[in-house]
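One chain, chain A, links the two complexes that follow: it is found with chain B in the first and with chain C in the second.
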Partner chain A sequence: MEIKVCGPGCPNCEKAQKTVEAAIAAKGVQVTVTKVTDFQDMAKLGIFSTPAVVIDGKVKCAGRAPKQSEVEAWIS
Partner chain B sequence: MEPIQSSGRDCAIPVNGQVAAAKNVRWAKFGSIGLIGLAIWFVVYKQLEPFSIFFTYSLLGLEKGSQLGGAVQFFVYDTPKVMMLLTLIVFVVGMIRSFFTQARTRKYLAGKRETSGNVMAATLGVVTPFCSCSAVPLFIGFVQAGVPLGVTFSFLIAAPMINEIALVLLYGLLGWKVAAIYLVSGLVIAIVAGWIIGRLKLENWIEDWVQELRIAEVTVFEEKPTWHDRLEHGKQAVRDIVGKVWPYVVAGIAVGAAIHGFVPEDFMASIMGKEAWWSVPAAVVVGIPMYSNAAGIVPVVEALLGKGAALGTVLAFMMAVIALSLPEMIILRKVLKPPLIAVFIVVVGSGIIFTGYLFNFII
Partner chain C sequence: MNPLQASCGCACSAGPKLIFSCSGAADVGELADQAARTLTRDGHGKMFCLAGIGGRVSGILKSTEAAASILAIDGCALDCAEKSLEEAGITRFNHLRLTNLGFEKGKANVNTDSIAQVVEKAKLFLS
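Right after this comes the complex of A and B.
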């Protein structure tokens, strides 16, 4: 599984990143997490509001930092 | 400071299926808690002024009419008042905002003509959740969806300039007339400035990669929030915004209190009054590079007005501070070439100066 966290690096994006990492640690699953900070790459993923979480090419959430319980549900 | 305003208001939290009956019970519960909460809020709110007078002059024993007394009372009255107004409004706006996602706004605006599109974009700019760190993805999304450049700018100008927090604080501290003037003139500036930028045909000053992206096809992601999500959303907004913004509010009120207590009554009349013709452009030029969130600037505005500063000048200063900021320009540089940013600043800045003169003239 591949998770992409999109955001230019504002506090909200940091929060999204931390939440995703915490969820992965809690679930103990093997995933690669990439940070997308380039707007061009985001646009290609179909992201027009940040922060956003993309799992295996599917946009799971855009424009907000997700809750840990949500991320856990997405990755299990 | 900017990201404070953004805090996760874009889409709501999905909650898995609930039974309709349980939902009704929940609603009754939420409804009654809401009403009781609102009643308590109102009662407490009404006690703030008498309390501040009691606290300052009876409890602390400060002399009535003294400078220190005035400053202390201003601070003790305004801090809880502003925080209470802020909490209520951020909650309500957080809920309202869940109806206006950026994806939906983009859909409305795609294929709109200029002029009517400018009006619509400016209006949507007021209610659509927005922060300057999502200005760039939003800009790309708009260009991608075929929203005209001028219409996009109307949105980009209105979104930060007409800030719901500022609107409510102006209403609470200075009355509905000032709030209405702020709202209407902000909308007009966004509409006209966007329209002018559209007329100038500056599309080739958008960075090339954004232009090229226009051809690519992209599916847009959107969530469907339930009412429970919207409520959660309001609570989240309060936690995020009020939780982070309160130090700025307190600092703003402290500055306001100092001005209120220690600056002589007509001090501001000479430098920010109607007679000083240069004060409007000066206020705008000083305000552009400054960035403060609306919650921090309004108490200062209140204090300045109380000391004889002219309304137009003060409004121009406030608008320049919240509508045009250096961090936003830097981030927009990623999608706009420098000449377009310069045009943006000049057009919006001129609009604000014009508004400042207008209100100094008519009021």
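Right after this comes the complex of A and C.
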């Protein structure tokens, strides 16, 4: 499984990153996490609001930091 | 708001104003398309891909859900843009139909004047 956390690095994006990492730790799953900070790379995924979380190519949320429970459900 | 968020220039603080055009084959569809592109170039919003809504492209859908406001521009009463958004579960948007502005399908001229007329009307929904 591959997770991309998209955002330029503001506090909201950092929060999304930490939430994803916490969910991975809680579920104990093997996941590759990549941080995407380039807007052109985000645009290729159709993302124009950040932060956004992409799991295996599918955008799960955009324009907000997800809740940990949401991320846990996505990676289960 | 956190001052870092307010000054970082990222896309977190507020979602974009998105514009969807039916971009249909008829002259009024072309007019809707040209108006949406003009609005984007002039900084009144961002034209977004209606085909991505129809194709249920996840990034397009999630970014649309996060938009600050949405304007759908349809050329005619078939309202394809409106229906496409609604079929995707997006119901919170403004709607502009060009035949309601006096443009007649099959007889509409697509030129700078008609585009400007649509743009002026659309701006009222984007302010």
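Quick note on the criterion: the second predicted complex is superposed on the first by the 76 of 76 C-alpha atoms of A that agree within 3 Å, B and C clash if a C-alpha of one lies under 4 Å from a C-alpha of the other, contacts with A are read in each partner's own complex, and residues count from 1 in each chain.
The rule is short, and it goes like this: a contact is a pair of C-beta atoms (placed from the backbone, for glycine too) under 8 Å apart; a residue touches a chain by one contact, two chains touch by 3 or more.
Owing to the predicted nature of the structure, the values given are computational and were not obtained by experimental measurement.
When both complexes are overlaid on chain A, the residue A:47 reaches chain B and chain C alike. With both structures placed on the common chain, the touch criterion links A:59 to chain B and to chain C.
Within the superposed three-chain model, A:70 lies in touch with chain B and out of touch with chain C [touch as defined at top]. Within the superposed three-chain model, A:12 lies in touch with chain B and with chain C [touch as defined at top]. In the superposition on chain A, A:3 makes contact with neither chain B nor chain C.
Contacts of A:36 after superposition: neither chain B nor chain C is touched. In the superposition on chain A, A:24 contacts neither chain B nor chain C.
Note: residues 7-8, 10-13, 39, 46-50, 52, 59, 61-64 of chain A belong to the chain B contact set and to the chain C contact set alike, using the contact criterion stated above.
Of all residues in chain A, only 7-8, 10-13, 39-40, 42-44, 46-50, 52, 59, 61-65, 67, 70 touch chain B in the complex they form. Of all residues in chain C, those touching chain A in their complex are 2, 4-5, 8-12, 15-16, 18, 46, 48-49, 52, 57-63, 65-67. Across the complex, chain C is touched by residues 7-13, 39, 45-52, 54, 58-64 of chain A.
Chain B contributes residues 2-4, 6-11, 13-14, 101-103, 106, 129, 131, 133-134, 136-138, 140-141, 144, 209, 213, 216, 218-221, 223, 331, 334-335 to its touches with chain A in the complex.
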